[in-house]
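Take a look at the structures below.
Here subunit A shows up in two complexes: once beside subunit B, once beside subunit C.
Now for the complex of A and B:
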C-alpha cells in the first residue's frame, strides 16, 4: 500500500511526546486493578498496620510521579514554595486530574498548628470496597494518603499523611478525611518566609 | 419484549463512569514495582501478573456480559472479534484488531496499537524478560474460561521490547461443556 507510514519508533521513552492527559479508562477497570492490589498485599502481610503501610508505599510512588507530570504539563515547571500554595495544588489540581473533581473540602486543624485535612464524601478508591468488622479501622484510602504524601514529599514539604473514616450524621457511609501533619521544618520555613 | 440489541464498544464506554487513564497507568506501575521488589525473579512476576489478571477476568466477564448485551457467540472467530472491538473498548477505551487466523479458526492474534498500561514506561536492562502487560493475558484467559472456553494466551509482540505494536496470541484449547452443580434425579 503506497503511503502507509510506519509508526515512529522512539528509542527513548523520554523522547515520546507527552499526552494531554485526556485519555480515560472505565472506572471498573481501575476498581478491578485496585482490588487486586489490595488482595495481593493482604497475602503478603500479617496485620492491618503493615497492609496500610504497603498501600501507602504504593501510593507514594504514584504521588511522586503525578507531581512531576503535573508540574511539567500544567504548571509550566513552576514549583510551589508556600504551604497554602501546595495544599491548594493538591486539593484542586491533583484531585481534579486523578479523580475528576476537586476535593470536597480543605480545612486547617484546630488543635494543632501543623495539621490540615482534606475531606471527601466518598473516595473513588473506596467506592466498591466494604471493610469487614474484624479489620477495624483499616481504610483503603491509605493509597490516596500515600499519593498525597508522595506529592508533598517530592515538592519539599515532608509530612505524615493518614486516611480516616469520619462517621457523618444522616449518611450511611462515613466521610473520608486525609489528615496531613507537616514536619517541624516545614512550619519553621513557613514562619521565616512570613 | 424483544431482547436488547448488542451495543457497540463506543456506546458502552460513553455510558460507563470513567477515570483518568494516568491514575490507572500509575497504579499499575506501582503494582508491577511492588511485585518486582517482593518476588525479584522476573518469571515469578510474570506468573503473578497472569494470576492477578485471571482473578480479574473471572469477575470482569460478568460485567462485560451485563453491559454489552452480546448474544451467545456462534464460534471462536466471533468471540475474538467481540473481545477486541467491544471488550477492550469498554474497559480500556482502546480498540484492538484481530488478525492472523489459522486454518481451523482456533488461533488468532489480537493487536493493540494503543495501550494505556504502558504510558511512561521503559523496561530497564535488569528486567528484560518481563512481560509488563501480562495482566491482560490473564484477564482474557480468565474471562473466556468462565464462558466455557479454555485458552492459552501468549505475547507475540511487545512494544516495550522494541516491537512496533502489542500482539497477543489467543489459542482455543477446548470448549468445556457447562456442568450443572446439582444432579437432575435428586
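Now for the complex of A and C:
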C-alpha cells in the first residue's frame, strides 16, 4: 500500500557539513545544460545585447557564491584586499575549480591603466558552440564574464567585464579574451593603499 | 553568568539581513534599540579597517561604556557584528567561524538573493544554539 512504512526524515541542509565538492562533473551534462540555458534565453529576448546581459546575470549569481565558498574552502579564510591579489585569485583558484586548469594568461592592458585581460585558447563554455553569421559579435563567454564580474563585485572591486573573440594566425578557432575594466574608485583605493 | 550580546549580520550594501539578541540577560525594551544603534555606528570603522588587513576576524574595534563591538568580515564583505560585554576572544572567534559556515550554506541556495533577509527559522535556531555554546 502506498504510504505505509517509515516516513523519510529530511535533514536540513544547514545540518549537513560543507563538503569538499565533486572534483569532476560530466562535461556533456554541463554542455547540455548550458546549451539549454542559451536556447531558453534566446526565446525570451529580441536582441543580442539583451541575450548577452541575461547570460552575464546568470554568471553573476554563480560568481558571488564561488567567491565566498572558495575563500572559505581553499584559502583558509583570508580575504583579498589588493587588485593583483584578487586578479591572481580569479586567474588561478577560480579557473582551476571551475574549469580544471588555470587560465592561459593574465595581462595588463597597454592603452589604459584600469584594463586587464584573461585569455583562454578554448573557453569551456564555447567549446561546443558555433555562432551563426547573423549574430555578429555575440559571445557565449558572456556567462564566464558574468562569473568574473560576480567575483570582483562581491570582493569590493566593481568592474565592467566583457568577453571577446581574438583571431589568432595559424589557428582555426579564435582565442577568447575576458576584458576587465575596473571602476575609478578601485584605482583610487589601490593608490591610497600604496 | 548573565551576558548581554547582540548579533547582527550586515550585507555588503549596509543593510542588516539578520539580527538576534543572544545574551542570557533579561531583555529590556530600550536596550535592543540601543544595541542596534551602537552596531550601526561602528560600521564606518569596519569599512576602513577591512581594507587594511586580509584576515577575516577583526577583533574588538569599538567600545561603548562597558560593551565591546567585535566584527568578522567575509570574502564577500558581509559583516558579522557582535556587541558583548565579555572578554572571551577565542570563543567569539569560534562562534563567528561556525556562523560563517552556516551563512555559506544559506548563500549557496540558488533561490536565495544575496543581500536579502535571512528568514530561515532553522538558521535562527542554530545561531542561538551556537551563541549559548560559545558565548
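Just so it is clear, the second predicted complex is superposed on the first by the 180 of 194 C-alpha atoms of A that agree within 3 Å, B and C clash if a C-alpha of one lies under 4 Å from a C-alpha of the other, contacts with A are read in each partner's own complex, and residues count from 1 in each chain.
Operating definition for what follows: a residue touches a chain if its C-beta (ideal position, glycine included) is under 8 Å from a C-beta of that chain, and two chains touch if they have at least 3 such contacts.
Being a predicted model, the structure only gives us computed values, none of them experimental.
Participant: Going by the contact rule set out at the top, does A:13 touch subunit B (first), subunit C (second), both, or neither?
Facilitator: both
Participant: Once the shared chain is lined up, is A:61 touching subunit B (first), subunit C (second), both, or neither of them?
Facilitator: Both partners, subunit B and subunit C.
Participant: Just subunit B (first), just subunit C (second), both, or neither: which does A:29 touch?
Facilitator: Only subunit B; A:29 stays clear of subunit C.
Participant: Output check: A:69 vs subunit B and subunit C. Expected answer is one of first, second, both, neither. What do you get?
Facilitator: After superposition on chain A, A:69 lies in contact with both partners, subunit B and subunit C.
Participant: Which partner does A:80 reach: the first (subunit B), the second (subunit C), both, or neither?
Facilitator: It touches subunit C, and subunit B stays clear.
Participant: Considering only the touch criterion stated at the top, classify A:40 as touching first (subunit B), second (subunit C), both, or neither.
Facilitator: In the superposition, A:40 contacts subunit B only.
Participant: So, A:101: does it touch subunit B (first), subunit C (second), both, or neither?
Facilitator: Neither: A:101 stays clear of subunit B and subunit C.
Participant: Overlap of the subunit B and subunit C footprints on subunit A, residue-wise?
Facilitator: Dual-contact residues (subunit A): 12-13, 61, 65, 69.
Participant: Using the touch rule from the top, collect the residues of subunit A that touch subunit B in their complex.
Facilitator: Subunit A reaches subunit B through residues 6-7, 9, 12-13, 19, 21, 23-30, 32-34, 36-37, 39-41, 44, 54, 57-59, 61-62, 65-66, 69, 97-100, 124.
Participant: Would you mind writing out the residues of subunit A in touch with subunit C in their complex?
Facilitator: 12-14, 16, 18, 61, 64-65, 67-69, 71-72, 77-81, 85, 154-156, 189, 193
Participant: Can you check the complex and tell me which residues of subunit C touch subunit A?
Facilitator: That would be residues 12, 50-56, 73-77, 97, 100-102, 104-110, 114, 120, 122-123, 126 of subunit C.
Participant: Tell me, which parts of subunit B touch subunit A in their complex?
Facilitator: Contact set of subunit B toward subunit A: 13, 16-24, 26-31, 33-35, 38, 48, 52, 55-56, 59-60, 63, 90-93, 113, 116, 119-122, 135, 162, 164-165.
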